[in-house]
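Have a look at these structures, which come just after this line.
Paired with subunit B in one complex and with subunit C in the other, subunit A is shared by the two complexes that follow.
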Partner chain A sequence: MSISEYNGSAIVAMAGKDCVALATDTRFGISFKTVSTDFDRVYKMGPRIYMGMAGLVTDMYTVSARLRFRLNLYELRENRPVAPRVFFSMITNLLYERRFGSYFSAPVVAALDPVNGKPLIAAYDCIGDLEVVNDFFADGTSTEQLLGICETLWKPNMDSEELYEVISQCLLNAQDSDALAGWGAQVYIIEKDKVTKKTLKARLD
Partner chain B sequence: NAEYMGGHTRLSEGYSILSRDVERIQSIGKNCVIGQAGFHGDNQFLYKVLQTRAKIFEFDHGQALDCHSTASLLSNLLYSRRFFPILSYCLVAGVEQDSQGQWKGRVYGYDVVGSFESRPCEATGEAGTLMLPLLDNQVEFKNLGPNAERVPLTRERAVGLIQDVLQAATERDIMTGDFGQIVLIDKDGVQQRRIPLRRD
Partner chain C sequence: MSRRYDSRTTMFSPEGRLYQVEYAMEAIGNAGTCLGILASDGIVLACEKRITNKLLDEIFETEKLYRLSADMVCSVAGITSDANILVNELRHIAQRYQLQYQEPMPCEQLVSQLCDIKQTYTQFGGKRPFGVSLLYAGWDPHYGLQLYQSDPSGNFSGWKATCIGANNAQAMSTLESEFKEGITLEDAVPLAIKIMHKIMDQNKLTAEKLELATVTRSDDKTKMTIIPREKLEKLISEREKLAAAEKQK
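Moving on to the complex of A and B:
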């Protein structure tokens, strides 16, 4: 079991029409032992910017805390919430600082562009390679399972209702095939005027 | 009363493609096919052995092996090499008559040392994990709410699903692609179809 599979996670972000969704599992485990079943992996970094983190949990805590520090300073200096693309670069910079001794955790960021309301999904590896994708992205121990089912079920320009259904089915079915992820699921649907958080009933094993 | 199996036809070694046209699904008997993923050399060897054993059975008993017997034979063949495994991830699919004379479709999935199980659907190989969640959702109706529509699995839908999962696997797995081989098995025998997949 490699270091990035030590705690287990499943994260997927999907873009719709003027909306974006981020879904994660809620298992926290130490190797094959499940320690918590209501573990929150999603951090709100702006009014329409939500970041989920996959991988080693201790690094998830460290990276998110350091990021929060930099974000707070930015917002104090600039006196405004951070723009998504600026925040994406902030993450890249933080992760690449540790290029030769990396954090074992990678974020998946789902955001709405404040100017035109278009969905933005930022995908990273653990050393900060940023790719902004316009369909979906998956990370964690269930990456392969998620990619397979998302590839089949995703289609462009889904409205928020359909996006919620699709992302939920993708996450639930993918995490069921993965021993290290599951035990519940949380879905955030981010739209221009509201953000909805839903908790799904999942297989508890 | 029918079974469907899909596979791809690319043979790769590292980052190179050795062949775009390798058939991974082959028949054993009239109503049974075996699909093999894993080490191609061992796949070919195993298929030869299995075919020979099926022939011997026919000569000895005067009737062909049926599907569950083939599955059992394969399990024993694989376990006989428990300490130097045949690196072949097999799937056996076929139709057989049950005690009432009804034709039932079956799929058996294996690991490399012969542990097998009959399941409603199965996916194996490098891209197996990409394909299986969708099949769980659409064939076994897992994680669908009580009000969700459970579309019955007709021939068109099954073939469509196999095409969809092969396309999805091709998109996201570098070793999958070129052509998809889809095999339909019912009581009248085995039919084959080929679909084009991305060649990159």
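Moving on to the complex of A and C:
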């Protein structure tokens, strides 16, 4: 298996109508050995900015800590929370600095634009190629399974209830076909006035 | 007066003094006052604003108060441009510690590391020292709420109440008599206003000339609250009424 499949992960972000959802699995493994079944992959980087990280876990820790460093200094200097698009650029910059010796972890960011409340999903590769998508994005070891089921189930302008159902079904069913991801799921539904976190029970194998 | 020893910051005079450091402290003695009081449930920082031209555009939230990290704030007295450099450095020091240890930096260590940098300007290089004194107010899980003061020499110490800038000696003597152990924030804020009112005797104390912030802990978070102008005006007028009443007695 390649280095970015070493720990296993499944992450999906989906946009709805004025809401966005981010779902991740909760398995942490060392190759085929499962070490933790309640592993947290999501980082809150702003009041409506949530970042999930796929790939090698040690790089996930390092990238998120380095990002936190830059983000804290930004917010101290500018005296305001960071805007989503600026944060997206910050990630690109950090990852591209390691263009020829990259981190083996890539983020998936789900955010709500503070000005117009529209959903924003930022998709990256491990060297910082940023694409802002307006439907869904998946990363990790279950990418193929996730993309297949998302294409089928996703439709535009879903409200938060339906979005939650759709993203949960996509993740749970996709990770069942993946040996390296699963053992539970965490779903964050981000809306203008609140953020809800739900923990789902999945197949424990 | 051994003037020939003045220009080299890194040389002692025959009397064993570092003139450049002392001259830096002179500069601060003419700058806007900063007062800090460590109460049992919070820290109050009161600062005199010197730049109050009505043509000034209000871009910054505060002139003399700066957030350094999630758990520490500071106020500065002296040359503002020097202060900006030091505040920037303090913010970076705190973040580097957080990155390395994944834990917020303890207050004393942050003060100490900056003071080590300030000290090098009194011993090496031929550069002048920074003309800034700082008051640091912060919280850490090891020692709770703390108040520190540092000066251009690179010396620092922890205080229960202290003052830097213009008229600081007068403020300190008042604090020595009026500060009581176990004072709460509710009493510390009016005390700070009282002292600022006293030392800014010639120039009347108004809400535009004052910046006041409190540092408190609640819900496992450190909060720096900048007191809004209306509240300041109320506190100042209460103080003036009390002062007038005392005069009549």
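Brief remarks on what is shown
Operating definition for what follows: the second predicted complex is superposed on the first by the 205 of 205 C-alpha atoms of A that agree within 3 Å, B and C clash if a C-alpha of one lies under 4 Å from a C-alpha of the other, contacts with A are read in each partner's own complex, and residues count from 1 in each chain.
Throughout what follows, contacts are C-beta pairs under 8 Å (C-beta built on N, C-alpha and C of every residue); 3 or more make two chains touch, one makes a residue touch a chain.
This one's a predicted model, so the numbers in the text were calculated from it and none came from an experiment.
Following the overlay on subunit A, a side-by-side fit with no clash is recorded for the pair subunit B and subunit C.
In the superposition on chain A, A:176 contacts subunit B only, with no contact to subunit C. By the document's definition of touching, of the two partners only subunit C reaches A:73; subunit B does not. The vertex angle at subunit A, taken between the C-alpha centres of subunit B and subunit C once both structures are aligned on chain A, is 180 degrees to the nearest 10. Set side by side, subunit B and subunit C differ in how many residues of subunit A they touch, and the one touching more is B.
Of the two partner chains, subunit C is the only one touched by A:65; subunit B is not. By the touch criterion stated above, A:147 is placed in contact with subunit B alone, subunit C being left untouched.
Of the two partner chains, neither subunit B nor subunit C is touched by A:114. Following the chain A superposition, subunit B and subunit C show a smallest Cα-Cα distance of 37 angstrom. Taken together, the two structures place no residue of subunit A in contact with subunit B in one case and with subunit C in the other. Across the complex, subunit C meets subunit A through its residues 60-61, 67-70, 91-92, 95-96, 98-99, 102. Interface residues of subunit B facing subunit A in the complex, by the touch rule stated above, are 127, 129-134, 136-137, 142-144, 164-165, 167-169, 171-172.
By the touch criterion stated above, subunit A contacts subunit C in their complex at residues 65-66, 68-69, 72-73, 76-77, 79.
Contact residues of subunit A toward subunit B in the complex are 144-149, 151-153, 169-170, 172-174, 176-177, 202-203.
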